[in-house]
Every structure is written in C-alpha cells, then in structure tokens.
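Some structures to go through are shown next.
Shared chain: subunit A. Partners: subunit B in the first complex, subunit C in the second.
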Partner chain A sequence: MPKCTINGKEIEVKDGTTIIEAMHHHDMHIAHYCWHPGLSVAGVCRLCMIEIEGMPRVQIACNTVVTEGMKINNTSQKVKEAVKWGLDFHLINHPLDCPICDQAGECGLQEQYMEYGKYDPEMAEKKVKKHKVVDLGPTVVLDSERCILCSRCVRFTTEVSKSNELGIFNRGDRSEIGTFEEKPLNNKYSLNTVDICPVGALTSKDFRFRQRVWYLKDAETVCNGCSTGCKVQTFFNKEGLFRVKPVYDKEVNGYWMCDDGRDLYKFVNREHRYLKASHREGSGWTQVIPGAAAKEAAAAVTAAGDKLALVLTGQYTVEEYEKIVSIFSKDLKTKKIYHWLNNKETVNSFDGLLIRGDKNPNTKGLLQTLQKHNISTAWSELESGLASGAIKTVVVAGPENHAFFKDIEEKVQLFNKAGTVIWLQAAKNPALEKLSGNAWIIPMKSYVEKDGTFINHAGQHRKFKRVTTVVSESLTLGEAAELLAGHQIMVKPESNLLVEADRQADKVTVEHRKKNEFVFKRGAL
Partner chain B sequence: MEMKLLTEHYHKDEFRRLDGYKKFGGYEVLKKALKMQPQQIIDEVKASGLRGRGGAGFPTGTKWGFLPKNNEPRYLLCNADEGEPGTYKDRLMMERAPHQLIEGMIIAGHATCSKKGYIYIRGEYNYIILIVEHALEEAYKAGLLGKNILGSGIDFDLDVYAGAGAYICGEETGMISSLEGKKGQPKLKPPFPAVQGYLRKPTIVNNVETLAAVVPILRDGAPAYKKIGTEKSPGTKLFSLSGNVVRPGNYEVPLGFPMKDLIYKLGGGLRPGRRLKAVIPGGSSAPVITAAEAESATLDYECLAQMGTMLGSGAVIAIDDSQCMVDMLAVLTHFYHHESCGQCTPCREGTGWLNKVVHSIVEGRGRLQDIDLLVKVADNMKGRTICALSDAAALPVLSFVTKFRDEFEFYVREGRSKVKGVSHAQVHH
Partner chain C sequence: MSVVQRTGEVRKWYMLGILGGLVITGQHLLKNLFQRKKMMTINYPEEKYEYSPRFKGNHVLTVKKDGSLRCTACMLCATNCPAECITIVAAEHEDPSVEKYPIHYEIDILRCVFCGFCEEACPVDAVRMGPEWQTPGRSGANFQYGIDYLAYRPQLKGGIQTFVDDEERHKAGI
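Entry: the complex of A and B
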C-alpha cells in the first residue's frame, strides 16, 4: 500500500494504482480525454500531465504507477502550460462549431478550455478537412472533424462489446475513426460510444438535434428494461424525457448500459400514455378521470366475491406489490392472484455483459411478495377458471413497457371471457381497444413517476426516487388497489412541476414534432 | 582512416553466399559461442561496451540483461526497418553479408535464450528481402538454424517479415505492433519490450549492425573490441555519408573519428568552390550542426551529445552553401507530417502544424511571428508523446530555426530564398 502526496495531500493507494486512478478515487480534478476508468490505458491525449518531484519532464498520470513517497502535483505553472499546449494541439484542427454541435454544454473540450485555455489562438493555417456526417450504423453518426482521436470508442468495441467494429484508419492528422466494409457499428451496446465520446464526434441518431443539453434536467433512476436493473440517468424537461444514460454502479452495470434500455424513455412521454381512464359500457368508450374510474370500478370488484382474480406483471415496484397483494388477499379475500410471465423461453438467458432475457425489472420482487402472502397459483388455473366461469372479474396490472409482451392481444381475448376487466396500464396499447364487455382502462404511473424498489435478478434491492411527473392524474398500483377495494383515499393530483394536464401548448409541440418525425426517427439521418 | 571490422570482405561477391562466408572464417564464432553459457555471452557483450547502433545508443549487454529470469518464451527481433532519412548502412550489410547478420542473431538468440527470431525488413528493400531469405534457406540446409544447431542441442528459428513502408515501424514497439499484425503504432512504456513485447512475451529488439557486431566481439574478445573507438563509445561503426560530398557512401570507422576527416578525406570533400554550411550528423532527426561545430566534432556518442545533437543511426548529411535551409526544413517537416502515426495528439497535430507553417513561409505567405511560433510548437511537442517521433520532428525544426534564423527571416521578408534567390514555389512548379 504505497503512500504518496498529491497536491500536498497525503493519500494511500492500493499497489499498482496509477496516479490518475488515485486522483479519480479522491475526487481530485485532472484534465483527461483518452483515459476512461472502464477501459484500458491508451496514453494518447497527453492531457493528464503531472509533475513528479525528481523528474525533469512532466509525465502522464494515466500510465504512471504510484510508488512509495512519490510527490505529485498537477497545479504548477509547468503543468498548466503543458495542458494548455495539449489542449491547443487538440483544438487547432477542431472545427469549433459549438453553436451547432450537440455536445455543446457537456463537451470535454469546452470544459478544459475554460480551465486551461482562454488564450488567443495562434493557428493561422487552414484546418484539416475530414468527413462529416458519417453513418456508422443504425444508432450512431460520426463527425470526423470534431473527433480528437482519443480512441475511447475503438477501445470500447474491442474490450467491452467485443464486437470490434471501429478502427482508426489512415495516419497522422489524416486519421479518422471508421468502420470496416460491410460491418457497421451495430451492436446492443453501440450508444455507449456516444456517452464516452468526450467531444461531439459521435452523436446518437435518436437524440441529435432534439434538445440543447442545457435545457434538460437530469435525475437518476433504475432502468426497467430487464432484470439487470442498471442505474441510469434520465434527461427531461417539460416536453418529456429525451434520453437515458448509464450511471456508474460498481455492482450492477459498471459504466455501461444497453441500447434497448435507452429507448425506454419513449413510452413514458405523454403522447404514448393514457391521460384519462376509459370505461366501456355497451359499445363505446367514455373518458373518465382516473381516480373516479377506479372508484366506479370498485363496485364491480367488491361485488365479485370469490369470482375475482388479479393478474400481475413483473413491472411494478415491491411496495406496490405488497399493497395490492395484501389488499386483494386480506380485504377482498381472494387467493386468485396470477403471475403473467411474458417470455418463458428466454427468461434465464444472458448475453454475458448486461442484457438479460427476463424483460421485467422486478420479477423477483413479485415472486417474493407472492411467497410472503402464501400465494402459489398456476397460469392454467386462471385459464380454466375463465373457461368455467369461476372467474368473472379480472384486475390486470398490465406491463408499462409492453414492447416485450408480444402476447397482449391474445391475453385481451382471454380476459374478455371474464366479462369484467379492469386493466391498469401506463402506456397506450392498441390491443386494449379490443377489450369487450364491461371494461376499464385506468392510467398508471410509469417508473419515472414514483419512488420504489425493484429486486433484480441477483436479488439486489434497487431503490429509486421519482424523476418527474408526466401524467399527473395517473395512479400508482397501490392507490389503484385501495380505490378498487372501495377504500377512501385522497389522490392528490401531484403538483406537476411544469405542466398542467392537457395544456394546449403541449399538443402543439406534439403536432409539431410529428411533422418533423423524419428527423427524429431512428435509423434515418 | 577506415577500420574494416565488419565490412572487411564486403567487396567480395562470394561473401554473400554461405560457402564464401565460411571461407573467410564465417560461423566459426558461432561454434565457439554455442559452447558458452548464455550469461557468459551477455557478460562478454557487456564488457565490450557495445552500444545499440540503431540510433539510441543503449548498451546492448545491459538491454539483454533486462530479460526476466524465467522460462517464458522470448523473442529476438532484428530491426532492419531502416527508415531514417539519410541512413543506408543496414541495406549494405544485408546485401553484402546476410550471413554475418544471421550468425550474430543465432549467437544473440542463444545469449537471450530465445527460440525464435524475426528480421523485420522495410518493404522498400524488396531485393534485400530476397537475399536474406535465400541466406536463411542456405543456413537451414546447413543445419545452422532450426533444431539442434550444429549438434549443440540449441534450437533457433529465424524468419523474415516485410514491413509495408512506415517510418514509425522502425520504432521498436511500433515494429512489434506491426509484427503482431496490428497497425504499426508504438506502445506505451512501461511495460518495456524486454518484459512484455512481441505477443506480450519478453522481447529483445536490436539493430542489424548491433547484432552483426556481436560476431567480431566474440571472435576477438571484449578487451580487443573495447580498445577500438573511445572509452564510452567503443568499436567501429558504419557511417552513411550523403549530401553534397564527392564520394557519398558507407564508411566503417572507429567511433571517435573526426567528422571533418569523414567528409573531406573519405568522402572526397565538397564540390569545387563550395563551402560547408551545416551537417546533420545522425539521420534527419538529429539536430543540425554548423560548419564550425562540424570542424571540431568527432563521431561518437558523447561528443555529439555535448553539442546538443546525436550520433543517431550514423547518417551524416553534409550540406554546402548552395542549399537553402528553409527549403530543406520544408522537406523534413513534410516527411514527419506524413509519417506521424497519429496516435498522440501533440505529434499528430504538431507535425501537421509545423509543416503548414514552414510551407506557408516557403510559399511566401509567412509572417515574422511564424518563426517564433515554430520554436514554440516544436518545444511543446518534445518529450510529450509515447515514442520519439515527436522529438524527431521537433528537433530539426528547433535547430534549423535557431542556427539559421537569418535565412528564415530573409525568406519571410523577401518571399524568396536567401541562398537560391527564388522561392520554393518557383523552383518546384
């Protein structure tokens, strides 16, 4: 365990720790582009300059291992001068198109320039021309002129995704990132390259040109895309959510997340959500306020007696399961609570990095809750119950992320047999229009609108906090359970921070956005 | 005068073939070496004081001693990617005496306990590749390579690998990357090749001349070799003399040989009526020295280091007063800009910047502050990168600009060369 002094502060580090790692662990600031804690050391940006006592030249912190008694500083004039020049070399051929660059506001070059730069440029020659708008694959676009060739993306595809799509072609200042012939950047983790790109060279086709980052707020939550439960950061404003990025979590996802998880903000936005509850009587649907709809439906639920069944999917929080299962089993006295498993075949598959076959974030939480309440039922019992008429009322806690529930339509047909269906659902699904008989669709809150816990595949409790409110009148599963059981609760329409429900302005934006859909559509430039 | 330790028989055609090489005592030293312990050979080479002839001048025996003491497979690589502008000694050595190199490599392979060696030859030396391959074939047939060499129980295999024309592959870790089948880019050090090199195994990389010099060292013994040359630079060295001299060529002289004798006596001096202006003493990467400095310079590591330049690969380029230093620098900056691998930012961007600034001067668009800018940029490229290419690009700029500043200032002010009277553009277009 060598001890060293960095900027006058004595610290002790593990054997083999490099200086930049030591500084990173102790939250000391050091300029760097090519070094990334999740990747190997490249040592090419030459920005993490440090001065070590007894060494005549400045050294790079990323490839220098701490030794006993080392005296390091990165605040001296010599270091600042070296970093300033390192930055200047990065910038001489950089197009400086910040006003039209998506990275502006979160760009490594801007950050370091404000700290070490602020000089009058001396470069009077013409800049190197390189390729702009290079289509690397279905998710990522490259601007070679902005690229500083830190090689993070190349190392990511070699070391993490192990798909080896990217390489640096050509030599010297003609070098460019590129893909090999007939082999585009197309893997399940490709958008991580955009996250680790310190400049605006790699941009996500999904996010580019949609928002300036300084108009976005961010908050952490847990991805609900699969049973891994990656820690993520969502970026949103009053128009809704715009993107999802991974947050470092040592035990679960490291520095990465999959591309599927980044799409999960989409069904959360207003245009994809049920804003009002719908009630079907006879032939047509009528729109009702969600809380009122739940109260109305309560009559059918409490009257059902032992002909009541509850169907749960693994997409709600442990707290919600606890509430709904205890209300249904204790107050409504039914043990007919079933687990709707969407993908039996792939449920245990795993791609070796992050993606798991179980596309529900909280299957384990659901199973644990059911076990706690001594409920063990089989899906076949539900089917036979519906066929025989032993079940007349079904309450369904539908999947909010229904992309992986291919069998929704089939299930709608199945539940229609009951006669009365109360479907609790956050995201719109056309299959639900096929509900017949006495049916309610009650809007639920999505995972970004509530606090809670998911239990992931490994049994880790993934707690998360509310990010924002998108549909303020929607209910949590717990609230819905209370209301359906006939309990009186106050559903406070949560003080929506930014939008009142159905504000005219929002509709205009949605319309406007639809017009420009060709720009936002993934896969198109 | 010349001292032909290595090049004694180079003028004889038969020396290129195995039988001819054997006639002049070839492979006798190998027989002696195979009976020695590896450590004995390393000690002998250490005692001889032999320094690497590729450019850096690192003591060879010490380098061999860096190998970890374990049973990991290790490799011996011969760096024959002779790319330094002005250097052409390895070409001569492989062309005239391929077996000398092979013998040296087998001995070095035995000393470093490697079972496999590669000779990395630059792609442009196509006919040399054929010569060396033919020599390897002869050696294999005669049982000098392969399993159980000459009944000694020692195995050593040797192969030729052709480079594809990149200056950077002459840098030892760049060469290792290239040999591994990757893009020829230098690797971060540490780990050094002696610990983790080719295929992440301990690797020794030596220049052609270094490996060949092992033969006379073991033949005559270290004390005899050490008597030649100076105390800190023992032995002989081949110098590739080029530039404005009457008789350019390779000359083998003991280290410490006066530079003026090499140029005026061996090289036949300059053309009539010309005066010496400057000398690049060790390949294009070495800082240039003025004629006055060349007068007192001796060809050894210490003297040239004292003058702020280096012996490098031993390419002495004589420049007479008909040459324009600004035009010459434009050629050099173009070369380094073209050859930078593009890995480290200061070198990738800096070489391009220097090239553009120098070219704007020779095209008549220069500004006076550009001369200081060249110094500033070059200063900040020095020692900031993984390999020495950045230094190699910066040092000529620094020395040209500081020692011949008047020519640069004249070029900027008048838009034409002080020496030639016309601009670069007028000459070349």
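Entry: the complex of A and C
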C-alpha cells in the first residue's frame, strides 16, 4: 500500500494504482480525454500531465504507477504550460464549431479550451478537412473533423462489446475513425461510444439536434428494460424526456448500458401515454378521470366475489405488489392471482455483458411477493377458469414497456371472455381498443414517476426515487388497488409537470395573494 | 392616486398658477406658428422620423448568397433571450457542410423587449435587429413571426445577406 502526496495532500492507494486512478478516487480534478476508468490505458491525448518531484519532465498520470513516497503536483505552472500546448495540438484541426455541435455544454475539449482561453488556434497552416456526418451504423453518426483521436470508442468495441467494428485509418493528421467495409457499427452497446466520446465526434442519431444539453435536467433512476436493472440517468425538460445515459454502478452495470435501454424514455412521454381513463359500456369508449374510473370499477370488483382474478406483469415495484396482493388476498379474498410471463423461451438467456432475456425489471420481486402471501397459481388455471365461467372479472396490471409483450393482442382476446376487464396500464397500446364488454383502461404511473424498488435477476434490491411527473392524474398500482377495493383514499394530482422531483413547490397560494393588500387595492383602482 | 387637499388662505390664489400655465402654452403656440422648422412634433404618419442605423427594431434573419437561411440553430439567442420569446426547432440538413439548420424559428414579438441580446449572442450574424419599429395589427393579427416573415418579408427585398460566409471561411482554412 504505497503512500503518496498529490497536490500537498497525503493519500494511500492500492498497489499498482496509476496516478490518475488515485486522483479520480479522491475527487481531484485532472484533465483527461483518452483515459476512461472502464477501458484500458492508451496514453495518447497527453493532457493528464503531472509533475513528479525528482523527474526532470512532466509525465502522464494515466500510465504512471504510484510508488512509495511519490510527490505529485498537477497545479504548477510547468504542468499548466504543458497542458496548454498539448491542447493547442488538439485544436490544430478541430473546427471549433461549438454552436452547431451537439456536445457543446458537456464537451471535455470545450471545457479545457475555455479554461485556457484558446479560442483561436495558433497555427498558420490551414485546417485539414475530413469527412463530416459519416453514417457509422443505425445509431451513431461520426464527424471526423471534431475527433481528437483519443481512441476511446475503438477500445470500447475491442474490449467491452468485443465486436471490433471501429478502427483508426490513415496516418498522421489525416487519421480518421472509421468502420470496415460492409461492417457498420451495429451492436447492442453501440451508443456507449457516444457517451464516452469526449468531444462531439460521435453523436446519437436519436438525440442529435433535438435539444441543447443545457436545457435538460437530469435525475437518476433504474432502467426497467430487463432484469439486469442498470442504474441510469434520465434527461428531461418541460417538453418531455429526451435521453437515458448509464451511471456508474460497480455491482450491476459498471459504466455501460445497452441500446434497448436507451429507448425506454419514449413510452414515458405524454404522446404515448393514457392521459385519462376510458370506460366501455356497450359500444363506445367514454373518457373518465382516472381516480373516478377506479372508484366506478370498484363496484364491479367488490361485487365479483370469488369470480375475481388478478393478473400481474413484472413491471411494477415491490411496494406496489405488496399492496395490491395483500388487498386482493385479504380484503377481496381471492387467491386467483396470476403471473403473466411474456417470453418463457428466452427468459433465462443472457448475452454475457448486460442484456437479459427476461424483459421485466421486477419478475423476482413479483415472485417473492406471491410466495410471501402463499399464492401459487398456474396460468392454465386462469385459462380454464375463463373458459368455464369461474372467472367473471379480471384486473390486469399491464406492461408499461410493452415492446416485448408480443402476445398482448392474444391476451386481450383471452380476457374478453371474462366480461368485465379492468386494465391498468401506463403506455398506450392499440390492442387495448379491442377490449369488449364492460371494460376500463386506467392510466398508471410509469417507472420515472414513482419511488420504489426493483429486485433484479441476482436478487439485488434496486431502489430508485421519483424523477418527475409526466401525467398528473395517473395512479400507482397501490393506489389503484385501494380504490378498486372500495377504500377511501386521497390521490392528489400533481400540477407541476416535468419539473425536478426535489424542486420546492410555489408557496404563495391564491389565498395569500388575495390577502395581499397592495395587490388587492391596486385592483380596486 | 393621491390628491393634495390644501386648506386656508392659499386656496384662493389658484388663479395665478392657471394664468402662468396659459402664458407658457401661448409662448409655444406663437413659436410654433412663426418658426415651423423648429417645431418638436411631426405629422405622423405622413411624416416619419429617421432613426439612426443602429436602432434596434424588428428582427431580421439574414441569408447566405444562395438565399438560404444563415442560422445554424445553435439556440444561443434563445438561451440568451431574457423574455424567452424565441423558439427554434433544429433539424438535420442534407448538405453535410451545413449539418444543422432551423426548420422552425419563431419570435413572439409581443413578448420581445428589444434588448438586442439575441443579436449579440449570435456567432454567425444570423439574427439582426432591423430599422422597422411599426408593428401594427388588428386583433387576431399574427405576432408570432416565423421564418417567412423574419427572413423573406417583402420589405427586405429577397433577404439581407450576412457578413459571415462559410465558403470563404473554408477557403481561408478556418
């Protein structure tokens, strides 16, 4: 365990730790482009310069291992000069077109050149023109001019995704990142290259030009795309959610996430959501406020007696399952609670990195809750019950992420046999219009709108907090269960949509305003 | 509104004040009658005042030589706008050297405070504040100026050309 001094602060590190790792762990600032904690060391950007006592020249921190008694400094004038001129080499062919560039605002190069005031390169030579807007694959666009050849993306495809699509071609100042002939960048983790790109060379086709990053707020949550449960960051503003990025989590996802998970912000946005509940009686649908719809449906649920069944999908939180299962088994006295598993064939598959075949984030949590309440039922019982008329009312907690629920139409046909269906779901699905008889569709909150816990494939409890609210009147599964059982509870609609969860509410109420004499008198004049 | 109520003897001397005021009015009347060139007012709308060329009036979006919009949809004007009256929707351009351009650029002129920050923020001289200051409209008139109005309204005679030319900059090696 060698001890060293960095910028006058004595720290102890593990054997074999490089200086940049030591600084990274102790939250010390050091500029770096090519080094990434999840990748191997390349040492090409020459920006993480440090001065070591006893060495005549500055060294790179990413490839120098800490030894006993090392005295390291990265704030001296010598280091600053070295970084400044290293930066100038990066800027020789960089177009500095920050206004157009999508990375502006979260760009490593922009941060550094602003810090050192290098707004104009000090080279008399003309800039080398390279390819712009190169289509690398179905998800990523490359701008070679902006690339600083840090090789992070190349190392990612060789080390992490192991697909080897990217490479550096040509030599010297004409070097460019590129793909091989007829082998586009097309793997399930390709968008990680966009995240790790320190400049705006690689941009995501999905997010490109849709928002400037400084308009977005971010909050952490847990991905609900599969049973891995990656820790992610969602970016949103008043117009909706715009993108999802991975957050470092040592035990689950490391620094990465899959491309499928990045699409999961889409169904959360308002245009893909049920905003009001709908009720069908006879032929047409009528729109109702969600809470009122649940109260109306309560009559059908409580009257059903032992002909009531509950169908659950693995897309809700443990807390919600606990609530709904205990209410249905104790208050409504039904043991007919079934688990709708969408992909039986692939449920145990795993691609070796992150993606799992079970596309529900909380299958384990659901099974644990059912076990706790001593409920063991088979899907065939539900089918036979529906056929024989033993089940007349079905409450379905539908999937919010229904991209992997290919059988949803089949299931709608199946549940139609019951006569009364109460379908709780967040995201719109055209298949639900085919519900017949006495049917309700009640909007639920999606995973970004509630606190809760998912239990992932390994049994880890993945707690997450509410990010924001998108649909004001939607219910959680727990609230819906209470209302369906006829309990009187208050469900307060959220009036401040798409703002940060921790933002303080406006404390000046209308009553306060009315009492304000100045405003009141001025109105009277 | 507060009205000062005076009491006592002072109240009887109001006539002096009125006469004093009438004298000033009469002086101006006579001056304007005999020295019409020095008159402070003009006969609007027949006569119009010439403002300085630096006057900040209604916005103009400049165009390139080929007549297409100069704006790169960087959103710096919208970010800088204190009245939040600029809305831009960016899109991908077919030409890779242009890359990004606005498909929708809207200024809500009734919210605008004519501070000129958009002009200052623009890195490519794409938005300027022009000399026009008369923006009348009947009720129901459209005060949400879109690209058609901002860049190609008839008064601009086909568009104002920008100082910043990409091709020249490319040739200069920037």
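Throughout what follows, the second predicted complex is superposed on the first by the 489 of 525 C-alpha atoms of A that agree within 3 Å, B and C clash if a C-alpha of one lies under 4 Å from a C-alpha of the other, contacts with A are read in each partner's own complex, and residues count from 1 in each chain.
Please note the rule applied: a residue touches a chain if its C-beta (ideal position, glycine included) is under 8 Å from a C-beta of that chain, and two chains touch if they have at least 3 such contacts.
If you're wondering where the values come from, they're calculated on a predicted model, not measured in any experiment.
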(request) Please indicate which partner A:E12 is in contact with in the superposed arrangement: first for subunit B, second for subunit C, both, or neither. (result) neither
(request) Have a look at where A:E106 lands relative to subunit B and subunit C in the superposition and call it first, second, both or neither. (result) neither
(message) Just checking: does A:E125 make contact with subunit B only, subunit C only, both, or neither of them? Give me first, second, both or neither.
(response) both
(request) Please work out whether A:R212 is in contact with subunit B alone, subunit C alone, both, or neither, and reply first, second, both or neither. (result) second
(request) Once the structures are superposed on A, label A:E410 by its partner contacts, choosing first (subunit B), second (subunit C), both or neither. (result) neither
(request) Give the label of whichever partner, subunit B or subunit C, reaches more residues of subunit A. (result) B
(request) Would you check which partner chain A:G43 touches, where first means subunit B only, second means subunit C only, and both and neither mean what they say? (result) first
(request) Please identify the positions on subunit A that touch both subunit B and subunit C, taking each partner from its own complex. (result) 125-126
(request) Report the residues of subunit A in contact with subunit B in the complex, numbered from low to high. (result) 41-47, 57-58, 63, 82, 85-86, 89-90, 92-93, 122-126, 128, 148-149, 151, 167-168, 170-175
(request) Mind listing the subunit C positions that touch subunit A in their complex? (result) 1, 72-76, 79, 90-92, 96-97, 99-100, 123-124, 170, 172-174
(request) Going by the contact rule at the top, pick out the subunit A residues touching subunit C in the complex. (result) 99-100, 104, 125-127, 129, 131-133, 208-210, 212, 214-215, 525
(request) Would you mind writing out the residues of subunit B in touch with subunit A in their complex? (result) 166, 183, 188, 190, 337-346, 348-353, 356-357, 360, 367, 369-370, 373, 376, 380, 383-386
